[in-house]
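Below you'll find a set of structures to go through.
Common to both upcoming complexes is chain A, partnered first by chain B, then by chain C.
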Partner chain A sequence: MSAYSIIGRPLPMTDSPAKVSGLGRYADDISVPGMLVGKILHSPVPHARIKKIDSSKAEGLPEVKAVATGRDAQRPYGILPIGHDENALATDKVRYIGDNVAAVAATTEEAAERALELIEVEYEPLTAWFDPLEAMKAEEDWIHEGRPHNIEKEYHHEFGNLEEGFSQAAFVQEERFYAAEVNHAAMEPHSTLAIWQPDARLTVYSSTQVPYYLHRTISDVLEMPMSEVRVIKPMVGGGFGGKSEVIPLEIIAPILAKKAKRPVKITYTREEVFYAHRGRPITLVDLKVGLTREGKISAVAARVVQDGGAYCGYGPVTVLYSGALLGAIYDIRNLKFDGYRVLTNKPACGAMRGHGTVNVRFAFESMLDMLAAAAALDPAEVRRRNLLQAPCVTVNGLRVTSYGLPECIEKVVERSGWLEKKGKLPYGRGIGIACSHYVSGAANPIIRSNMPHTTVNMKIDRDAGVTIFTGASEIGQGSDTMQVQIAAEVLGVRPERIKLVAADTDLTPVDLGSYSSRVTFMAGNACLEAAKNMRAQIFEAVAKKFGCIPDELESRDDAVFYRYKPAQRIAFDEAVRCAIDFHGTLVARGTYAPPDESRGGQHKGAGVGPSPSYSYAAQTAEVSVDPETGEVTIHRVVAAHDCGKALNPVTVDGQVIGSVYMGLGQAMQEEMLWHEGRLMNPSLLEYRIPTTLETPQIDSIIVESEDPEGPFGAKEAGEGSLAAAIPAVANAISDAVGVRITSLPLTPEKILEAIREKQKQDREKNAATRSEKRGAR
Partner chain B sequence: MHRELIQLDINGERRELAVPPQKVLLDVLREDLGLTGSKRGCDDSSCGACAVLADGVPILACVAIASCYQETRIITVEGLAVAGEPTPIQTAYGEAGGSQCGFCTPGFMIAIHALLQHNPNPSDEEIRETLSSNLCRCTGYMQIYESVRLAMRRMEARSAQPAAVR
Partner chain C sequence: MSLPAMRVVRPRTVEDAVRVLAAHGPEAMILAGGTDVVPNLQMRLFAPRVLLDIKGIGSLRGVVRQPDETIRVGALTTLTQLLATESLRLRYPVISSAVRSIAGPLQRNMGTLGGNLCLETRCRWYNQSDFWRKSLGGCLKKEGTICHVAPGGDRCWAVWSGDCAPALLTLDAEIEIAGPNGNRRLALSSFYRNDGINRIALGGDELLAAVVLPPRTAGWRGVYHKLRIRNSIDYPLAGVAVVMNVDEQGVCRDARVALGAVNPAPVLVKQAADWLIGKKYSPELVERLVHAAIQTGKPLTTSASSPVYRREMLRVFTRRALEEMWGMRPRTPNGND
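For the complex of A and B:
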């Protein structure tokens, strides 16, 4: 029997009844009396100066209650302190097709749309930059004045000794990899309801992963004290990073509400979601890796160019992750990284599941297979030969505390039948392996400070119900349930006894948000500490009653008992009342801040990459490739994920499978198609995420390395498995038909072309050998 | 704006309301009747989040003109539970991880409900085929299948029981 009664059990998510009954409320489901509909006028041109906006005709419509332009909120903002380059409504320039120019609030949607048509805007076109490599050469018409040659940021890191590393290599491979741009495509389109109150305060319901950043930004841009703005996160229909920074509608709705002095709701159409974007950028990876005869990686040099779109957003963080996390998975002693975040006249990219690491992992794991082939080694074996010796600190300053990668590899090798299959399947069928990893939250906050990254409060009153007040944002990943399970375990009560109030800036303490897979580790630890503090108060009172010391008490199954004589017990309700007699209503608090040792090195950009803990993943994919058409069928993916400890195995499995699924979408079919700054597929019909028919069998295997600092040993589960899925498939295709595709997505066209090219080369080679043989005779 | 009076039968209740003639059922449900369980996930009838039952058959409420459904019995996700008792798929969903963010869930509830009504014992392939008109971005579908299979097992066990202990 497990030592735990609630931890490790597959508890249904606490909000499951709300979801299956349709009674749960997402932002667009909330309506209030007097509410207006907000609509946004988007730029039809990719790069232009705004010469004039005339909105007088729109204002003349009786149904229109407010029209807003850039003049109404001139303070720029951005998620990073170094990147305040956006205005919710353009002030002087538009920088992409879809940029936000003006907005109206009206009594009906039709009136709002009619009003948009009446707004006259005069543009003076500027040269627009669509290709990142061209944009970097630009001498004029830079997208942002302070960013010469359209380079948002560049970083150059070198650790160890590259030259020496490459000189030890028996095999050196150099390759350029390309990854197309992809969008989160969360099923819920963004929605914000801003309520202007009679006391001149503002309440905002928004589909956000980061209510506290939104709180801060609204206050900043609207020039209102934070204490007069309240942000509430209702249920959120998926984020994946697309709601992890402030999205224009989240500022525009408050601007309109303030102007109209009425509630205003804006909900994006799916097309607007695609143009608001913040997804994974087009990425070019020039990778060079050296392998010794023994199969050890001796040096790695990576040059990464990301096409960031028109605004900074998370850009510098994305590009830094792509370099830093080269370090935390294999033992690499000599590492060079050059990263460029480039501005172009397209919607801004941002954080997307696996932030920054995914495209580089595709390149790296593909290349490991190429090198394994060169060295005549089994690809699984090459990975085994390059494992870290954890606990350790990597060459670029990342502290690894727990490391389940070896076990992940063993598990997928075993479950997939790797040894019987790799290199042994008939032509057209193949198997591939790849690994990946991710942070369990960033050790350094976006806005540098020494504040805890999260605080959890807890209250118990005479009803003996436990209320958790947490700033952490449930977005479908299980944040709420995770905290209920931790509190129930520590207090020894049924989960039903626990209520949870979350992500409401008036009621709950600050939490940085649901991004970088930080919630289980950070909010989980804070919740653990709060629960322990709460339990201490209860035990103190019961100990007095029993005439023992608190350490001799335990709690389980809604009772507190004397450890050495469990029959001496008291029901939880009664225990609580004992304690309340001493203290009044019981309150407790827990916080979490990453330890100093986890915060990384000193070099420029060292702040991104460090985490208190890393998750690890290994996967195999088995595929068939039709050599006549290039079409790929994925038969099965086996995914092992080291999540430290599965607090809730069903949720962990769901996160792992969901990550693999999203990775397969990017691998096989997802791609934002651009033509001169216009998105050619801005709908779910044309931007095709996998349906049940394209999704293969995905088996998840949980590996538990028990992190020394994670709550009950837990670490992240929601992102780390995404990246491995892509190269696992690319490697399987190579095993099946002997071609290496270095460009995402892995479409039938690219595969077929590569197969034909290979057939041609093989024919030429055969002809050459034949004529050589003839010559030799 | 011109409106016309229509009568709808929603979750067993007769509702009379005045709506613009082209208003789609999804907007009537969400805006006029406060039934926000059905979701809008797309602009082009490609996601299935808005599905409701029309005489037991799933339809996309985002493209259904409300006034054309006056002779039809409409059931939305809010109307699936019988006398407040969740259906087997609603309970199984929580236990097997069928929902993550839950935004697609109402559409899947409708699709799965219709499937099991029509065929209480579908094969894995039939489940997969049927659910191909609903998109889910979170789960990767495996735990949705798992939920369906769990609900099927329970329904079977229940129908095998003598009525007294049901």
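For the complex of A and C:
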């Protein structure tokens, strides 16, 4: 018998019945009497001063109940305290095609759209900046006044001794890598419903990953006490980071509703989702890595430029992650990082699954293979030779507490048939390997404080049903199920006994949100603590009844029993009644804050990167390349992920497979295409996320390193596997046809061009060899 | 995105439909499966007063073998039904090969043969939302005066993006057009005008009623190769349809090659029959045809994929298809099975 009765079991997710039956309600499914449709007027120009807005004609339409402009909410906001540079509706300037200028609320969508056309806006054009390298040279028309040369932030870190490191290298490789911009493309477009209650309080239903930040921001921008704002997160159809900061419609809907004195719902079109964006930026990575003759990484220097778009958003965090997460995966003693977050006149980038690390990981893992080839070493072996010795603190101040990477590598090497295949497959077929890692939540909160990052409350009343009150946001990743399983395990009850109230700011305590893979580790730990506190109260009462001490009791399968004589037991509901006799309605609380030791170093920017724990992943990809078309077929990906402990192996598999799928989309085909600041493919027809037909067999292998601080040893599972998928494929393509593609996505066109170039070089080389031989004769 | 305010008319007969068209002229628009029309309406590429929903016209459905051995396929036959019709699949394999590549199963359940033959031409500067197009100031095809593909020109290069048409061109298909004066027959090749704006020879008071397949091309080998990024959903970035009648000695008795998605119309490679009839396979002959194909196809910057790459794929696909017809290369599996 397993030591656990609920933990580690592949239970179906608690929200599955609502999803598969269609009864689950997402924000756009919610309708209330008198509700109006809100629509937003977007800027047709990339950079301009607004001279005049005349909305009188729109206001004259009988169906129109309110028109809003920047005048209606002038306090700027932003997810980072250092980046309050946004207004939901432009106050003075527009900064990208699609920026928000005005909004209307009308009785029908058609009327709202018609009204938008009647709003007259006069623009005074400014020079627009589309290329980050050009934007950095700008001497005028800066996108934000306080950001000279359009540089949002730059960071320069150096750890160890670079010069010495490179001097020890037998092989030094330098390369520029490029990654195109990608969007989360969550199935559910953003949607917000705002209702002003008769008592002048505001209720907002929104598709968000961060109800708490939304709560704060609405209060701040609308200048009303937080206590009068209620944010409710209904079911969310995927976030992936795209809903992890306040999105303009979440401010605009309350403003319109206030002016119209009626509820207003705004649901973005897919095109508007692309304008709200917050996806992964165009990234230039200039990478230089030294490898010793023994295959040890001796020094790493990376210069990263991110094309952040028109607003700060999470930008400084994104660029800091790209540097910080060069650490905590391999043993690197000498590390230099120069990071630039640049503003351009395009939609703002932000957090996206694998935040900050993905494009740099593509570069790094590609380069490891290039160096392995130079050193005539097996790529899997090079990675093995650079493992960390955990527990440890890395040169850039990241504390590694558990480290399943070695086992991940072993597992994928074994399962994929690596030794029989690498370098041994016929021309056109190849296999590649890559590794990645990710944080289990940020050790430092976005808004610096020493408050808990999350709190979970629990209540049991006479029905012996357990209710969890949690601020954690279920966005499809399994947040609710995870907490139900933890509570059921600790209390020794069937999961069906547990009810969960989540992400409603009137009812549930603060949780920072579903981002940076923090929920299992943090809300899981808080839920664990709450359940233990609850159990203690029950045991105390039962111990009294049994005449033993509480420590001698156990609970399992809906019963509490005496450990040394399990026949002496009472049913859980009876135990609850004993305790209620004692305490009244049972309530308990648990909190979590990362330990001080996990919170990183002292250098500027040291706050980003530290985590209480890191997940690890290794992957192999096996591909075929058609040398005449450049088309790639991915046959199989073997993905091992160290999630510490799989609280629910089915949801872990789902997260790993989903991450690999998403990584393959970025690897092969996803790309936001720009033409002078205009997004050329703002639709799911032309922004091509993969279908099932391009998605290969993905074998998920769970590795359990049992983190000492994670709940039951668990750490993150939702993001860490994404980054490895991309370089694994790039490395497999190189193995298949001998070309190295350094630019994402890895399109057939680029591959074909590289193959042709290589064929030409090979021919020239052969010709040269032949003529040399002739010469020698 | 809302639909424009319009009156929906649902006639039961072709005659009624034609009457409505004649009465409303360009203010009326025909709706069949809706997979092309509905998104275009949402984007306000059109704002008709009258939407003529012809789905209730029974005589436009069904596949019938006629006394003269031709096969008449009603315009409302769905793409899924085309795939399920054994007589077509066995006698005209190029049709199945092409139809299977169209969009995904859900769209094929809705989309019709007639709709696919009357698709609107596509261009990355045109198939965009109302907001997007207006922010650009429109294009030659709509709301503007400049072609963003070939600035300075006065011709619209929006691309013919259907998959059925090239396949049917190779089969010498004819179409039946219903109008106020009854039906007229037209070679499919005369239906397309190679003009991104006035793409088809269909009068404002006419509707496409059926496709007629001749017995002559029945039983010919055929295959359709489609360039696309995904193996489902995507419109073609280039398409090559090839059919060939090959005898036991490997001699080509007749053949056609047609291209789609690289010009404003689907086009036959004219030299194919002349050059191939009476010939056995030879790499030189194939290369000659490949050359003719890339002379015929003129991809421009109408899509995200570059013209250079699309041209290159015309080359590869034409070569591979011809080799396949002669049995020099294994049959290409159809991606969407």
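What we mean here is this: the second predicted complex is superposed on the first by the 777 of 777 C-alpha atoms of A that agree within 3 Å, B and C clash if a C-alpha of one lies under 4 Å from a C-alpha of the other, contacts with A are read in each partner's own complex, and residues count from 1 in each chain.
One rule holds in what follows: contacts are C-beta pairs under 8 Å (C-beta built on N, C-alpha and C of every residue); 3 or more make two chains touch, one makes a residue touch a chain.
This structure is a prediction, so every number in the text was calculated from the model and none was measured.
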{"item": "Which of chain B and chain C A:L685 touches, first, second, both or neither", "value": "both"}
{"item": "Contacts of A:D99 with chain B and chain C, given as first, second, both or neither", "value": "neither"}
{"item": "Partner chain(s) touched by A:V650 [first = chain B, second = chain C, both, neither]", "value": "first"}
{"item": "If touched residues of chain A are counted for chain B and for chain C, the larger one", "value": "B"}
{"item": "Touched partner set for A:L693, first chain B, second chain C, both or neither", "value": "both"}
{"item": "Which of chain B and chain C A:E110 touches, first, second, both or neither", "value": "both"}
{"item": "First (chain B), second (chain C), both or neither touched by A:P748", "value": "second"}
{"item": "First (chain B), second (chain C), both or neither touched by A:T629", "value": "second"}
{"item": "Partner chain in contact with A:E271 - chain B first, chain C second, else both or neither", "value": "both"}
{"item": "First (chain B), second (chain C), both or neither touched by A:D85", "value": "neither"}
{"item": "Intersection of chain A interface sets (partners chain B, chain C)", "value": "108, 110, 269, 271, 685, 691-693"}
{"item": "Touching residues on chain A, where the partner in the complex is chain B", "value": "10, 12-13, 15-26, 28-29, 31, 108, 110, 184-189, 235-240, 267, 269-271, 475-478, 650-651, 653-654, 657-658, 660-662, 683-685, 689, 691-693, 695, 697-698, 700"}
{"item": "List of chain B residues in touch with chain A within their complex", "value": "1, 30-31, 34-44, 46-47, 49, 76-78, 80-81, 86, 89-90, 93-106, 109, 128-129, 131-133, 135-143"}
{"item": "Touching residues (chain side chain A, partner chain C) in the complex", "value": "42, 44-45, 97, 108-110, 113, 269, 271, 628-629, 669, 673, 678, 680-682, 685-686, 688, 690-694, 748-749, 752"}
{"item": "Chain C to chain A touching residues, read off their complex", "value": "1-5, 104, 124, 128-129, 131-132, 134-136, 229-235, 304-306, 309, 312-313, 316, 335-336"}
